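Here you go, one structure.
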Amino acid sequence: MESIPAQIPSVHGSSGGNRVAIIGASGYGGLQTLRLLREHPFFKISFLGGETSAGQHWSEICSFLPLDDDPLVQDIDFEKISESSDFAVLSLPNGLASQIVPELIKRNVRIVDLSADYRFRSLSKWSQTYVHEAQKYRRSDHELCKEAIYGLPEWNQKSISKADLIASPGCFPTASLLALLPFLNQGLIENDGLIIDAKTGTSGGGRNAGQKLLLSEASESIAPYGVIGHRHTPEIEQEASEIAGREIQLQFTPHLVPMVRGLLVTVYGRLRDPGLTAEDCTTVLNAVYRNSCFVDVLPVGTYPSTKWVRSTNKAMISVQVDTRNGRLVIMCSIDNLMKGQASQAIQSLNLMSGQQQETGLPLLTFYP
Amino acid sequence: MESIPAQIPSVHGSSGGNRVAIIGASGYGGLQTLRLLREHPFFKISFLGGETSAGQHWSEICSFLPLDDDPLVQDIDFEKISESSDFAVLSLPNGLASQIVPELIKRNVRIVDLSADYRFRSLSKWSQTYVHEAQKYRRSDHELCKEAIYGLPEWNQKSISKADLIASPGCFPTASLLALLPFLNQGLIENDGLIIDAKTGTSGGGRNAGQKLLLSEASESIAPYGVIGHRHTPEIEQEASEIAGREIQLQFTPHLVPMVRGLLVTVYGRLRDPGLTAEDCTTVLNAVYRNSCFVDVLPVGTYPSTKWVRSTNKAMISVQVDTRNGRLVIMCSIDNLMKGQASQAIQSLNLMSGQQQETGLPLLTFYP
Amino acid sequence: MESIPAQIPSVHGSSGGNRVAIIGASGYGGLQTLRLLREHPFFKISFLGGETSAGQHWSEICSFLPLDDDPLVQDIDFEKISESSDFAVLSLPNGLASQIVPELIKRNVRIVDLSADYRFRSLSKWSQTYVHEAQKYRRSDHELCKEAIYGLPEWNQKSISKADLIASPGCFPTASLLALLPFLNQGLIENDGLIIDAKTGTSGGGRNAGQKLLLSEASESIAPYGVIGHRHTPEIEQEASEIAGREIQLQFTPHLVPMVRGLLVTVYGRLRDPGLTAEDCTTVLNAVYRNSCFVDVLPVGTYPSTKWVRSTNKAMISVQVDTRNGRLVIMCSIDNLMKGQASQAIQSLNLMSGQQQETGLPLLTFYP
Amino acid sequence: MESIPAQIPSVHGSSGGNRVAIIGASGYGGLQTLRLLREHPFFKISFLGGETSAGQHWSEICSFLPLDDDPLVQDIDFEKISESSDFAVLSLPNGLASQIVPELIKRNVRIVDLSADYRFRSLSKWSQTYVHEAQKYRRSDHELCKEAIYGLPEWNQKSISKADLIASPGCFPTASLLALLPFLNQGLIENDGLIIDAKTGTSGGGRNAGQKLLLSEASESIAPYGVIGHRHTPEIEQEASEIAGREIQLQFTPHLVPMVRGLLVTVYGRLRDPGLTAEDCTTVLNAVYRNSCFVDVLPVGTYPSTKWVRSTNKAMISVQVDTRNGRLVIMCSIDNLMKGQASQAIQSLNLMSGQQQETGLPLLTFYP
């Protein structure tokens, strides 16, 4: 991760290609990707691949989102993909991506991977965190893990532009890091005792029916899950530690909220200088994100609603301070399927191909 | 607050009366109270009073919850109330209750007050916290503030039984204190750095239409509000400090969740002995609440959903520990209108009249 | 079906037993039944049986609804059931019930069946309607089909009291028939051109996860399903035809509504006498249901909300007339899992055992 | 209304101007209009006017939808509007629009009015329907009522292109007419006995807080309202009668659904030729709408969900037939604030200014 937020001008004119393969199109991540690329002014969808849906026409999978010529979803054939496509966006289950990425990279396809497979610099860290997947899929791609760039464009813009493999961040890490990094980077908060209380809509659980994601079960209810052991904890800790320059252990607790889309993190920490005010902290945020078109820093006393960023690539951040004791609360809302997943991936794709990062990405919600 | 949780046998045979006045029946708190007392095996509703709804028949206010003989909602007449009633449950706006309580107490009506007016031992603390109300209503009832008993029956059972005035707790303080007090009481956690991240359904905002409580605005969204300055913070701090034996400052942040009923608190702290496990902490909770029929301590790894306690007087608590660093997460779910408001008030009323505390109170939800 | 609504006094003192087996307890129907019987003043749960959940302790299936002594869910053993139980409530998939009912009846267990297996007087009608189930399960219990009583107590009270086998109605037929029968019975509306537009919450689809019942898919959406061909159509038509005295064909269209519980039917028809007003029609309803404690006829201009009947055994009915042309709209709301399923079954059970039909059944919701 | 659906080529090059005033920007209709015009490739927002919000900067009204230069909302000054703007979109309360439209028309501002004020050809019909508004506002603009064009572009494209005043349809009439008109126009269904059962999200009730629109009240509930007497009935009847060539009386019943956006109508009628199948009827629809980019006719057996059209200008239509008796069910889903209101208005605006009608209008939802 770049230690200072980059606001470099967009590097026009890299590889030139605009043909994008979407692998894994019928889940929520794939659907958003497809929806965004379908209207993108630069990219063209050149290949539609799937594991379970191969052999079906697109209209059979998704009647309400018509594609021109109603393409067939194809098997994941490395040759076909590399012939047809300059880029690939992978929206596959964790573990499966690692079986495909090395082959595509070999064939000069540049990749944005939505799975967790390349988010850890160390393969063994991945194996400890994704135990079940590590048992199912054999991996020895240590080098790729090291080379992959963590796709948080507000902090890694330059590296993303030149990368061949982007590990697009998880939804919770995206919101958590956007909130935390400015303060860690500038040494304004204690590294110790950081707490992230996170809330997500049910679409974060994916499209495969699980009982707890039924409307009957999830509606009219809120509950914690994955307390202490959630897989996004080490991901957040890795990136936060890198910026802070020393190892950080934090508490991360996700909650399931009865809504479709939206993700909010409420981050608690302690200021090193207890004399700082909420206004001071807001000034810090404004400085860090002044060139980031997708991050809105809210005025003190205005708190981010997930509804304000629905179906956009925006993050909204607000900060408040308890002046009695110098404790601070940083809040950040995003759309879990957009900035938390698919539209952030396309933000990376834009950078990789030398486009302006906001090309083809929604900035405004339809309210309410 | 009693420093050790009381599991004393119910003191049968105190005052004897069973006639209850409900003052302020058309809001959500009043509606629950009325609903519960209407089917209560001991109490009878003897008077229905209201400020804005006086002069209307009950059926005009609430056609779907019929009462026998369709009573008239009456003006708040102290003489009439004291003649007709042994007890009064007050469900009135903050500040207004203080204009009524002294008069009723004088006339030997025993009171459970749902407002915040008598929750603070000190009237000046109340005036600092409820600034707007303190400007509107003049108060000099210092003595009543001191004498009022904080109506959290799991911790104050003995005092409640004998009290003439109960200040029924706020919804957030109820869940927060049920989670925190066992650990504070036994000195198991640091007093410093406590964080309460709270989530509530919209009914906590009451029945008077405000734009942010519209379904169009609140649905499909989660957002923080009242960050740092929320009025329930000093209420929680007062009770927590008393149990801890020294002043506690904590961070309390409420969030509005798109659901009607339900309240969850996620409490973060640090164990004094970092060697304690989640199982150890669960044992502590089980010991403290073993005689509390309304508190369910969940096994380690099961986390409380608000749906499990919907329309009941239950609280469900679970605890988890980060063994890397001895940090602990305590979660507690309640129904904000029941254990967080009306049914807890009746739990107190049961104790005041010498009934078993669970008399007439729902223990099981209709799931889902 | 009894051609005139019965308001006979409850026939106390029939068989005497109060031991009830619940077969199929982990679905939504079973959960409600169990919840209701657990607090019932007369009945005791004597046996808990299941197909998929056999061998598990209850607490493993449903941690939040504790049962005394945490019983084991048992295999469906006819001998054990008949030894332990006077009655059985069957909450099993369609088709499976038919494999169990004859054996239990043989052993003198009186049954309330929540499935559709005995709702049709004719087995061949069942086979035409439940094609898939008819292929899976062989049936030759013609006689039982003829003998079974359709368990709509507002219309069949006397027969239910004496029956050994109750086919408890479907959720849509319950609301539809309560709305329609008074007018058909008295010949007030044309038999032709009747339309039922029905709306249900997702719990009507059961607890087995299907993609379209996910919160992510069903929330923020309404859509029709099963248009023309829904299986409840012939069930409604059979009962309506019987009351009308001639064959009725009607249009029934269900819609999936983004809520957990609740079912509303809006029934459209044409008055034979176009001079009748909404008040006249309301008078008719009041006369028919004046002794039915579970049916509330609303005043003209008040329309039934499903929220008003949530978690109760109530039905609320309202009627409106277009005086320009004598067309009428009858609206009826129920809780699909209660009056539409489990609590109506217990209403029948009460009658079968000589209890007052309202024994142990909730009449009032907790609003909101 | 044009008696045959027009598929004329877009008439490029009419008036030329692209400056649009938005009058009434802070309600839901205004918000959508503003959101759409802000990113429109042709139009520019030239004036922001309001009644209650005049004098405030836009950011004070709506912090989450930033506008360049944060304009001031201005008083409704006819001169200023006509100097700054070629077109005006009026999103004002019923009745108020009629006080403004004549003045703007006089000053050569072409208008799309979202209110009901010019939807009736006859002013007296309006006065009978909008009784309360007719008492509050004096009107004598009979001529304007007659000249105004009903802004349903799928049926009135040619007239809209040339009009100076568009009465943009109500949300319920839009969906109802799109479903009904093809069958009425071709004489395929009986004019008599038509029934429209409609379902809408809460945003249809506007942004001014009313108790019944609170999440606490409207969530987990469905209920009818405005049965028989709803104001959209005569609007639908007027347009349907005109196409059918004789007076039509129909039953229209709206229901409030617990969701923010989305509107579904389920229309019931009787085929003149009972031999027609669902496939035949689908063919009819396909023929009528084959050039309408905003109307998707679904294959037989696929039913429209409101979620599929969320935040788009699309309508989805499906038809099913009961072959036993020739009765037909036509279903149509739209977004009530888009095709049902603001984006349809801009569809008209596009036509008025000689643009392609789809310019700047969303065709695809972000699912789910």
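Each chain carries a letter (A, B, C and D) given by its place in the written order, and its residues are counted from 1.
Everything that follows uses one rule, which is that contacts are C-beta pairs under 8 Å (C-beta built on N, C-alpha and C of every residue); 3 or more make two chains touch, one makes a residue touch a chain.
Remember, predicted model here, so these are calculated numbers, not experimental data.
Counting C-beta pairs in contact, the pair that comes out ahead of the other among A-B and B-D is A-B.
Averaging C-alpha coordinates per chain and comparing to chain B, the farthest chain turns out to be D.
Each chain gets one centre point, the mean of its Cα atoms, and the points for chain B and chain C are 38 Å apart.
A separation of 47 Å divides the Cα centre of chain B from that of chain D. Annotation: 40 Å between the Cα-based centres of chain A and chain B.
Contacts with at least two other chains are made by residues 28, 201, 203, 216-217, 219-220, 258-261, 305, 368 of chain D. Taken in their complex, chain C has these residues touching chain D: 193, 195, 197, 199, 201, 216-217, 219-225, 227-228, 249, 251, 253, 255, 257-262, 264, 266, 268, 270, 303-307, 310, 320-322, 324-325, 327, 329, 331, 333, 368. Touching chain C in their complex are the following residues of chain B: 28, 31-32, 35, 38-39, 62-66, 203, 219-220, 260-261, 296, 298-299, 302, 305, 308, 311, 316, 337-338, 364-368.
Residues 28, 201-203, 205, 207-211, 213-220, 258-260 of chain C are the ones touching chain A in the complex.
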